[in-house]
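Okay, so chain A shows up in both of these, paired with chain B first and chain C after.
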Partner chain A sequence: MSCNLLHRQPILRRPDGSGGALPALTLITLFFVVPVVALLLRSVTEPVPGLHNYATLFGDGTYARVFFNTFLVATVVTTVTVIVAFPVAWMLAIMPPALGSIVFGIIILSMWTNLLTRTYAWMVLLQRTGVINRTLMDIGLISQPLPLINNLTGVTIGMVYIMLPFMILPLVGTLRAIDPMTLRAAALCGASPFEAFRRILLPLSLPGIAAGGLMVFVMSLGYFVTPTLLGGTSNMMLAAMIAQMIQSLLNWGLGSAAAFILLVVTMALYALQLRLVGAKRMTGGI
Partner chain B sequence: MKLILTGILAGLLAATAAHADEMVFTSWGGTTQEAQTKSWAAPFEASSGIKVLQDGPTDYGKLKAMVEGGSVAWDVVDVEMDFAIKAAKDGLLEPIDFNVVPKADLDPRFTTEHAVGSFYYSFVLAWNKGAVSGEPAGWADMFDLTKFPGKRTFYKWSAPGVIEIALLADGVPADKLYPLDLDRAFKKLDTIKSEIVWWDSGAQSQQLIASGEAAFGQLWNGRVFALEQDGADVGASWNQNMTAADVLVIPKGSKNKASAMKFLATATSPKSQAMFAEASGYAPINTAAKAEMPADVVKSLPDAYVDGQINLDMNYWAENRDKIAERWYAWQAK
Partner chain C sequence: MTEPFLSIRDLRKAFGSFVAVHDVTIDIPRGQFLTFLGPSGSGKSTTLYAIAGFQHPTSGDVLFKGRSLLSVPSHKRNIGMVFQRYTLFQHLTVAENVAFPLRVRRRPDAEVKRKVAEMLSLVRLESFGDRHPGALSGGQQQRVALARALAYDPPILLMDEPLSALDKKLREEIQAEIRRIHRETGVTILYVTHDQDEALHLSDRIALFRDGRIEQIGTGEDLYVRPQSEFVASFIGNSNFLPAEHLETVNGAATIRLADGSVVSGVRHDREFSQGQKTRLMVRPEAFRLRPGPATAGLAVEFVDTAFFGERRRVIARTAAGQEIDVRPTSDMAEAQEGIASSRQQIFFDPAAAFLFPA
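Coming up: the complex of A and B.
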């Protein structure tokens, strides 16, 4: 594999050096680097110069709670997504290819459907007078509607649903690379199915879980639409708080500081992901 | 650097900016903006030949970004009055040219140097008849969980209304509301907090009540009016109804200032105001408008319920907007 890469590199190299990257670099500088620097500057200059915006964010109980909520939601969503995605990914990995591509198509199709539409659909299903509660009450399972919306439950259901493809896709790749014979070998050696899963399948699929999990976690941290529509005000997340500071309170200094913190956390996690994926490539090369 | 960011931001926002014979009107969407389009923009287009583009919903952050970035895409904006007073102080608004906009018949309560009234409304107590047994008589009943169980819905954003409702329900006399006792209000709201569903747009408030998702709530009277027109099974109590106003403003740096002033003249004219009131159920801010309206419409407006009516204090709110908002959102997030 690494041999192959060495051979191909000279062919890929452009004769004009880095000139071809100029438009892309300009675009990124203009629409990413400049705004981020401006954001940082705003956070330390408004309304007066200094670090008071950051002091407020770290010193105030309300904001601490919002940070905590954000990480809580991201953690819960990531965990549930992994648990739900794993069997699906495993099924996809061992399915006959023809059937597999149909299931794959269905998963991809859900990603192409508008996010807002999908979230509103959950609203209709989950609310007190919604389909789920009505059905459960009609068949007599419950007498009072279950609180499925405007709380952490609603946010988790809605976000897991949206995040699933981002977890399933990398996981299928990892699982397909595992030789099914290793599982048969484990069974022949007397391992129960659960033991084979715990000691063979799970450790071997960890790189996929880590890659997908980090992606879901990072995406969840900055999520706005779903938590706003399916959550209550008491589990407000960072993105909603930033929107409130910018739109409603018109406190752009504080909003910029919060946005910058979110950016730093996200970048740190991304760096971690790069290292993990790098590690995976190394173990894959052995 | 700050200028560059606001410049880029405003540039993007202004991508849809209007041409010389066009102007942009921005409001809150839904049934209200439909009525404004029909009653104000349509006759204005016919008489002036200036095309009115509709945009929305109103977003104070965007408005500020446009003015600071020097690229203003909105020419006339419908805003809440307490915001208008604050925004004028912050230099975000053009002064109104009262040589173009006739002032004589405008209700002085809703006219300032930088704003003319758009319409005025009342917060009323509305309920879904299928979801509530009995009839809530007033705001205090919204805090009585044993007599009236179920979810109740209130306006989500920090704005005049909910704090006053909590204080009235706690026994504060209507003439002693201001200055607002925030500690007392939040303590009262704590007693029903777990049963509150917040609405953040008029359309959502209608949906919550019509579906019975919330049994009752604090709604804009025009939204209740629209529900009744649609035949929804809703009841409403005007007891201690609370008036507040929307006003029309021109953001500083509007490219079509002259057209915008003319638009304001049409929008606040007795005839346009009467048409809008009939379509929306909100009250006109032009005192001569009533003469143009059918008697049964006049009877359904907030003006007909002045007994026990409370005027929310816009000047107090403009003065304390930021301080209250900070506490409001902190309390909500708890």
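Coming up: the complex of A and C.
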């Protein structure tokens, strides 16, 4: 028996898998690391060497507005997503597993449905003569169609809808790890349901909220399809601006600089979160 | 003040067609340590949860000083509770955990600070205030849970198998702490356990649950010495049950005939038995003697095995009818060894320490 164990020990060590990882690592190096470096180089060399592209982006009011808009949309979308996702995640966490997996399946299914299809569907629903406006007018709640599309409202609705699974999934994991008995203990200690939520459940679920929130925020910062289709021209976001710079204006230098700023902001946010929440809790090792 | 302090009236809880608690009625005087003892699924926890407000009874009532608690939500019942699992708030320090019930009651800072210090010293964890629960052992966590449950001076403390996750030595240590804290605070305690030693050690009174009903309620001594049923006799302490035939009862003392034909007089019981009725005679293992005494009855046995238990030696003996019985004589260890050597022996018991039940 002990002899057997000794023989097993080398197998117990995790295989390092360096051979199998090679193709993927090569792909990432060739198609991510190299382009990012090329991007950085273009942003400081085109049309002439120097930091003028960055100076233009930070100095010009129009570009500043796009940056502001991007962060505004990402912040609003993240906040609304957290608020909407929390009750769903809690319900999933305390549901009987059989029923929970059905609801889970529906949420995952929505993630797998084509993004463009879902965004066009929202256009149909939200436009002036769309289903929502017509229904509200028919039942007499409003007399004029509500401006639900080509503005921040439209972008927020469409993006929250798409982001929900990315918030719900990490949150369910965190909430499942909380013993419901803890909340009963809080109740007997005299905490009303609201106090128990504010003082116990919310702080305990913070790692999940942070993990999901970061994911949603970062994805929102660079989102292209939904803001382009549901947002107006007055609140253009960064991704749409980069596309315009490169496709229409053929200004590769300025576009590269904008893309590089987006990348740096994303990395900075990730670093900040690792600091605040702790790398261990982020990766699920609660 | 004829009202009992806490009163459970005809409490019934059904889950569908399964009735977990059948019309349980108990009055608990102020300051009493009452234990709900019973096997798992006997309704003791369900009764406790009804008092805590986690489960709404199907019928019946829970009265505190004459007023019904049923319409009061858990967070307004002002009851303390220690749970089976560790339910400390992991994101708060030990001191913040103990302060929690006071903070939600919006007590002034100075009072919270004083009370937290007082509670931590009550459970002897003064120097642990700044630690997080995760850095504490299971026993320490349950002591913090006890401090948290007592911080707001609740009139009633509920404890739901709080020591079941701890090892034996730690359990005994915390039992002593719980006794001391009960003495010092005078709080009324309702304690749930399936461990009879724990119940006997801690309680003023024990309610023994079986299948959702209270089988017997009384002091530990009542249940041990005067069990009202064979279930009580076998659940509290160890017992041997010898088949016997009832011959007659005069002045409450029965005369019976054992399987080997020997006749024993002076056995107690609290029922009506007819002549020739089949009965079972309960004899505690420690009621057996290896030597005859005044008025003892003898039983021919064969010694099978002996085991050393520290303060006692346990002997397994076999009767002439082939039934194995558990014998724990208080002394005479050397003699027990001799008995094993000679293999055939007589053991003795005082009929007044035995008890007769229907078969």
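The working rule: the second predicted complex is superposed on the first by the 250 of 286 C-alpha atoms of A that agree within 3 Å, B and C clash if a C-alpha of one lies under 4 Å from a C-alpha of the other, contacts with A are read in each partner's own complex, and residues count from 1 in each chain.
In this text, a contact is a pair of C-beta atoms (placed from the backbone, for glycine too) under 8 Å apart; a residue touches a chain by one contact, two chains touch by 3 or more.
All of these numbers come straight from a predicted model, not from anything done at the bench.
Trainee: Given the alignment on chain A, is it a clash or a fit between chain B and chain C?
Mentor: Here chain B and chain C can both sit on chain A without a clash.
Trainee: Compare chain B and chain C by how many residues of chain A each one touches, and report the one with more.
Mentor: B
Trainee: Of the partners chain B and chain C, which touch A:113 in the superposed model: first, second, both, neither?
Mentor: neither
Trainee: By the touch definition at the top of the document, which applies to A:250: first (chain B), second (chain C), both, or neither?
Mentor: Once the two structures are laid over each other on A, A:250 reaches chain B alone.
Trainee: First (chain B), second (chain C), both or neither: which does A:189 touch?
Mentor: In the superposition, A:189 touches chain C alone.
Trainee: After superposition on the shared chain, which partner residues are touched by A:62: those of chain B (first), chain C (second), both, or neither?
Mentor: first
Trainee: Of the partners chain B and chain C, which touch A:34 in the superposed model: first, second, both, neither?
Mentor: Touch partner of A:34: chain B, not chain C.
Trainee: Could you say whether A:203 touches chain B, chain C, both of them, or neither, answering first, second, both or neither?
Mentor: A:203 sits against chain C, while chain B stays out of touch.
Trainee: Identify the partner contact of A:179: answer first if only chain B is touched, second if only chain C is, both if each is, neither if none is.
Mentor: The answer is second: A:179 touches chain C but not chain B.
Trainee: With the two complexes overlaid on chain A, check the angle at chain A between chain B and chain C, Cα centres, nearest 10°.
Mentor: Computed from the C-alpha centres, it is 160 degrees.
Trainee: Quick check for you: in the superposed arrangement, does A:233 touch first (chain B), second (chain C), both or neither?
Mentor: In the superposition, A:233 contacts chain B only.
Trainee: Minimum C-alpha distance between chain B and chain C after superposition, to be given in whole Å.
Mentor: In this superposition, no C-alpha atom of chain B lies closer than 45 Å to one of chain C.
Trainee: Any idea which chain A residues touch chain C in the complex?
Mentor: Going through chain A, the ones touching chain C are 179, 181-182, 184-193, 195-196, 199-200, 203-204, 206.
Trainee: Would you tell me which residues of chain C are touching chain A in their complex?
Mentor: Chain C reaches chain A through residues 52-54, 73-81, 83, 85, 87, 89-91, 100-101, 103-105, 145, 148-149, 152.
Trainee: Name, in rising order, each residue of chain A that touches chain B in their complex.
Mentor: Contacts found on chain A: 31, 34-35, 37-39, 41-42, 45, 60, 62, 65-66, 127-129, 150, 232-234, 236, 241, 244, 246-252.
Trainee: Would you tell me which residues of chain B are touching chain A in their complex?
Mentor: Touch list, chain B to chain A: 1-2, 4-5, 8, 59-62, 64, 151, 156-158, 197-198, 211-213, 322, 325-326, 329-330, 332-334.
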